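In the two assemblies presented below, chain A is common to both, partnered first by chain B and then by chain C.
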Partner chain A sequence: MRGKNIKSKDKHILNLANIVGGARSILYQKEDLLAYDCDGFTIHKHLPKAVVFPKNSQEVAEVVKYCSENDLPFLARGAGTGLSGGAIPLNEEVIISMVRMKKLISVDLENRRAVVEPGFVNLKLTNSISDKGYYYAPDPSSQYCCTIGGNVAENAGGAHCLKYGVTTNHILGLEVVMPNGEIIEIGKDGIPDAPGYDLLGLITGSEGTLGIVTKITVRILKNPEGKQTVLAYFDHVEDGSQAVSNIISAGIVPAALEMMDKTAIEGVEAAAFPVGHPKDIEAVLLIEVDGIAAGIDEQIEQILEVCRKRNVREVRAARNEEERARWWANRKTGFGAMGAISPDYLVQDGVIPRSKLPEVLRRINEISDESGLRIANIFHAGDGNLHPLVLFDARVPGESEKALEAGSLCLKVCADVGGTITGEHGVGIEKREEMRFVFTEEEIAAQTEIREVFNPHNLLNAGKLFPTPSRCVEIKKEMKAQAIS
Partner chain B sequence: MIASESMSELKTILREDQMLAGEKDSHPFGNSGHLKVYPESEEDISAVLEYANSNGLKINIMGGGTKRGFGGLNEKADILLSLERFTGIVEHTPGDMTLTVKSGTPFKELQDYLAKHNQKISLDPFWPERCTIGGVIAANESGPKRLGYGSARDAVIGLRTVYPDGKVIRSGGRVVKNVAGYDMNKLFIGSMGTLGVVTEITLKLRPLPKSESLVLVSFPQGNLKEIRTFAVKVLDSMIEPVTMELLNPALSDKLTGINFYTLAMSFEDVESSVQYQEEFIQNILPENAKLTVNSKEEADFFWKRFYQHSPNGTAEELPAETEACLKVGTVNLNVLHVLKESELLKDMFNVTVESHGGLGHGLSQVSIRGAADDVASAAKKVREIAEKAGGHAIVKHLPLELRKEVNVWGRNPSYLFLLQGIKTKVDPHKTLNPNRFVGGI
Partner chain C sequence: MSVRELDLKQDPPCTSGLGNYLWSDPPDEKKWADCVHCGMCLESCPTYEQTGQEQHSPRGRVHLIKSVAEGKLQVNEQFMDPVFQCLDCRACTTACPADVDVGGLIEEARGQIRQAMPLTGVKGAVSKFFLHDLFPHQNRLNTLGGLLRFYQKSGMQKVVRKTKLINIMPQHLVVMESIMPEVKEPVKKKYKDVKVIKAKGETKQEVAMLTGCVMDVMFSDINESTINVLTRNGNDVVIPQNQTCCGALHVHAGDREMGRKLAKQNMEAFKDFDKVIVNAAGCGCMMKEYAELFKEDPEMHVKAEEFSDKVEDISKHLHDTGYEKPKAEINTRITYHDACHLAHGQGIRQQPRDILLDIPGVDMVQMPNSDRCCGSAGIYNITNPEMADAVLESKMENVPDDVEMISMGNPGCMLQMAMGVQKYGRNQKIVHTVQLLDWAYKKEDCMKEGE
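And then the complex of A and B:
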């Protein structure tokens, strides 16, 4: 967006600029493109061909159509907070930035739905309706800056999805630009159960490989009447994990149930939002219950009781909203806080059956010992979603590779106990190969077949989500093709 | 291919007592088969599919048979694959609150088993004694409690599906949060068995509520504006009803003896919360409305009868009166419009109408009984009503002959090419449940 005239002779740049309204809506010079060479996953960097900033669905469709007709790879990008590399232009893509499409189009409180453009920031939606007593439930830690379009692409989660579900449970309708430029509308007006396969569910979480979402109808919820948060310190990780299981099996559905281990606590206490967690404890639990105010005390009592039975060192409920907010700020900035105790860190995102928590933590400790790298653990313990943070120093030769390997080993452990390799960050570039930990070649092929229906030329966000097909599958496919012809 | 031929070839796969030739000539709801087979394992299912797929045979899939009148334009396929003998729990991990189960297992059996662990599947389908978990998932069946707990797409976390060529594809997993790869579970939920035979389903469970009650508010004046105002007040409050199901007077009469529009609101939580919510409703009750609070036992009885009120496809003979059932989707509060307009069908077509709809989730269901022609005309009219309200209507139950006359799925969506594309990739020979779904899929 530098000046009024395009200084490039590349006809594609000129034509794309034309579509989106001129030189102010396109970036194409190297120094401008550098900011787009990666997203929140910073290990791979690639320059895009250009970045365009369309203002509406029509412009997106025209850009896509142009790219498709001219064989130019392309991808959509929101705020670039993705942690798995989903918006990195591996193939010199034209990046379609959605940041100018950031309107809140409509809010219908009576029918509990809102329509937003994809560039609309997650937290802004809640802020826009909170005075009426409503909110949007999915709350990824980056919600102050990440976009709802990006949330749809990644099927983003958050601390409160234990009770309220992840993004896919809150998406009612989508307008989508298909990879050939055609615009389709699914889940019209947010009406449930339209006849046909559930494309809404399929596209949500497809990491921008099936289409580009240009309008989103979301479900909004009424604020819970009451909310109470409990903090519990444990001297032994086992006791903390057992408390998690016991709370759930007591029939309580907490809104959130978070856990941090000793190394993570060291990080958050050294960073911007310390709350004075004791440094010598092995685990802290942050437990939130919400709902009808009349029923909350009873549940809190029960939680305190469970924690005491599990040898808790100290457990107490937040005294006021301010204290509650401080506890949450401490937790939600947990990833970034690792910067205070380590030059670099790598976030992983495994999921395990809750009951395997003690075993998995033991094995992650072993990985840490063997690699010589510290691993902090921050997790959504209630739904078994672990975020091991591998701490390393990229300046030390070989340490980045070691960190990547340790991260991958953590995911292997999760897969081995019946879990999965990503709960909310997505596969992106980062975990392509790890897909093999959970799926067979045939199962991966079943998924890429679906991609071919939507994105037959694979111009849209190619190279993401799936491992490179192994030779034997390709040969099988070739043989099949020969047999048919 | 005639049944006996398939039978002799299938003998290498199945035992003789797993096959039944020549189901009676014509079944009133169709979706039958020349040869009925009873697989007992995933390997059986895989082998039957592979055999049929490579020999150009067609397969209809059946669970408990409650949805036999739901979609499908053919009387018979070559093979009717019954999941009746493919039942049982594969794994229940109470601490993880997850359950893996074979698809032919009757729904109620599962709930009864889980109740012993103070857990439940958070779905409330019709005919729980007869329907199977596989059928509920394949048809995306939901009930009034969808408002509080969501639908199949929110409860299913993993599937094993046998593709038409016999391969087994797993999707999702056994953990409650999972974004590895495409969310393929969603493809199979509600696909009416047109993509594969789901063999195992993994669900996330919920705890049984510690306390529950059912508050019925009836409106003697039948003024829908008044009902709307009341409903909006409840929805805009901080209370959390698990259902906000409005019953038309005929259905209310059948279930409660009160012949007025009645709003059924369930509360499920700890006791103090349930009580508080009952009182809240009492305090905002409109002047003319009548309220009854039902204990858990009374609520159980009410819901039991509720889930049995709509027609199902298990009968071998057609009843004297023709029955139809339609599922209508609209914007939440347009449910009022759908119920109101559907009342007009009674005089217009000389039929009886039992209808209900969720004011918090936008799905209504209209059951119609009367003479065949009248029922068909009334069903078409329901679709008109739905479309006028900006929504859609799906025919959930109708005898085969009338399904040929009343389009089951309504007009094709603009993105039909995507649905067809998916079908072609997964089931290129159209082996499974041919013509059972949207646009002839």
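And then the complex of A and C:
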């Protein structure tokens, strides 16, 4: 580890180090900063000015206040597993890493809520309360290491959000450091549905552009009494897609309904958690139902029946918990697994009406053919949340650009069929321009005006979420300035 | 940094490097090509857990190693820090969805660093003493063992402890001194003139045994137990006298040249055998990876791969070839610690547990995060005491309160965990898996004799 002395003459580095408690809590040398030049979105890389590691809300507030008074851009970062570039320092930001604030502050089983610090890892919450029969529902695939603070910023989803909702449905209260350094509390004591505007809803999913969350009260749920998972192989994507629609329209609300296509299967099978999916099938479905034990067998029977009617090649329920866990590990490590078949990937996050699934997949295939890049599809089929993974090699000149373009075209398809450009990964840097597929200039301007209320100087995580420059805003500002003068 | 920069300017002996890696045998591009920076490795990493800093995380390290190849970084002291803080515990390899060989990359990068910046001064002397002058030379190790034996037996140990002479040692060495096992005669020496230690009863097969350097000096009783367990289960055991240190410590420290030398000697020493049995996870893992050292020598590469196929951990060997279940009871509550180089390095998790559970009377309590590194990591606890201590503390928090013994399959872990027991006022006995099995056999024999 680095020594106890700061080897920098930069006054900001020295002052920031003072706030967070010395050399062990700040990084400022290029060799260290390089590890922070991107997050899970690796196409844009930028070095931060420094990374600080505060221990508590007060230190966060002081760092924020210092940055804001000294005109230093800054942003918050959790585990850096985000897939849209939300934690990438585009403007040489001071990164405020939240990972040392990783305490589980309290668990209140009676009222089914827990209070965590933002650096607390998602899965650890479930692991800490599972012996008492409780769990935390939002389960992004990166839940082994992503932080709940990051989940709030991105309004993270996950396989089981089909039935249980995304992060915003599980947040009861937040402590937030505002961009001027003020600490505020929203949803005091975790009482849901406070009167007035839904500020919790506004902050959750604001991608770190409105404030920095330093304490989170979440809802925890009782473990379902029973749980069963079904695996189904289809020779044709159309049949798989139809099965998805049929399951939902049969009145079943699965806890999760996941789909992977042929290329995705090739990836997960070549990687660390293979389960032996046949190589020649076009789609695999993973369907989980949970709830009161009594109804589960019946639901499973119904699901098997629907799949058989849709020409399933093979369908069966998990034999035991171990097999179920293996199926999920295979699915949940799916993105990282692409590394086994491609040096780089870019994941998109479109949402479409379920009924459009076959059509959209067809058009994504065309995009793949035209770009010459392979596209794997892993998605939460139940809620129509698609994750096309564009496989490319950044070392080949021009291929990154091609991948970005292909990803963008996939989102265009989603928007064109009445869907939208992100379900759970956020806009970040990646989908800024694509915001125009779903919002008019006026709508975007209205949103940036909301940001200005919280973050007037745009020092906090600037350049994310909205296309820049948003012409309307610029024009309006100019008009305002002219009016004043 | 200026001195280091001077070091860098010396002419590299080879120009076949990659980016800013100027020496031969640079980190392998194919290894990082699989990393997509997803971050699934973060929580598996003990140094990330301690620091929260990504340059001390697997994906951060891979990112930096790649950056040197891309010419964005130099091989300098700043780069050295994250690369040498790695425990080489391989937990990230288990966690990684794409099977990125982070451990292999780290070792290759260390090789480059050590060539760019040879250790000088006290550190260099200490490292040279351990890695070149001590570990490869069994006779010197034996001498040291003899001295230790003398130290313990003669009452010197008591004198040193009583007179507070011990207080002049650095703190982490004091604790290490206090847990030093009683040193007995090394088995390699003991069986010097025995060509084959015959199986008791019918011979099923002949195996060669690696006695190891630390193992044979510090824990020769475990080697003794290994021989007993092997011969009891139909194995003729041969201890080739020209075998040497496996080289793991050298390779971890970046001395790949010495690693190759030792690897060659061992491959020669064991060439006539179909199976090489190892009871130290670290050695077994190294010997299974000899081929990594010969990437630039296709002929040796093939030979090393063939050799590695023959290397097997004792627990896997027993499990796969069958063993007699002991009939005597050892009534004890134990827990099992997964040595990193068994669990993450060789994928051996269930076999040792099965052996322990086959001993009547053994009550096994699951240790949470049992495959988390204990901080021993070769000689990491000597080179990076501060981090090793922090890692050990978090390990000890997971040792269940109500167990009498902690079982494992690696001597480094045994020393480190013994230190943990001592330091945190616990009272568990540290045992090797085969020791327990051997004790059960012995008890059974005693009972038979009693009848």
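The rule we apply is simple: the second predicted complex is superposed on the first by the 473 of 485 C-alpha atoms of A that agree within 3 Å, B and C clash if a C-alpha of one lies under 4 Å from a C-alpha of the other, contacts with A are read in each partner's own complex, and residues count from 1 in each chain.
In this section, a contact is a pair of C-beta atoms (placed from the backbone, for glycine too) under 8 Å apart; a residue touches a chain by one contact, two chains touch by 3 or more.
Everything numeric in this text was worked out from a predicted model, so none of it was measured.
Once the two complexes are overlaid through chain A, chain B and chain C fit side by side, free of any clash as defined at the top of the document. Using the contact criterion defined above for the overlaid structures, shared-chain residue A:333 touches chain C, although it does not reach chain B. Between the C-alpha centres of chain B and chain C, as viewed from that of chain A after superposition on chain A, lies an angle of 140 degrees, to the nearest 10.
Between chain B and chain C, it is B that contacts the larger number of residues in chain A.
In the superposition on chain A, A:66 makes contact with neither chain B nor chain C. Of the two partner chains placed by the overlay, only chain B lies in contact with A:157; chain C stays clear of it. In the superposition on chain A, contact of A:40 is made with chain C only, not with chain B. Once the two complexes are laid over each other on the shared chain, residue contacts for A:234 go to neither chain B nor chain C. Contact with chain C, but none with chain B, is seen for A:343 once the two complexes are overlaid on the shared chain. No C-alpha atom of chain B lies closer than 20 Å to one of chain C in the superposed arrangement. Shared interface residues of chain A, touching chain B in one complex and chain C in the other, do not exist.
The part of chain B that touches chain A in the complex is made up of residues 93-98, 118, 140, 142, 150-151, 153-154, 163, 167, 169-171, 173-187, 189-191, 195, 206-208, 210, 232, 235-240, 269-277, 327, 329-333, 360-363, 390-392, 394, 409-410, 413-416, 418-419, 421-422, 425-426, 437-438. Chain C contributes residues 33-43, 51-57, 60, 63-64, 67, 72-73, 76, 78-79, 81-82, 85, 95-100, 386-387 to its touches with chain A in the complex. Within the complex, the chain A residues that touch chain B are 108-113, 133, 154-155, 157, 161, 165-166, 168-169, 184-186, 188-202, 204-206, 222-225, 245, 248-249, 251-253, 291-295, 298-299, 351-355, 380, 383-385, 418-427, 431, 435, 438-440, 442-444, 446-447, 449-454, 465-466. Chain A meets chain C in the complex at residues 1-2, 27, 29-32, 34-40, 42, 51, 53, 79-81, 97, 99-100, 102, 119, 121, 142, 144-146, 271-273, 333-340, 343-345.
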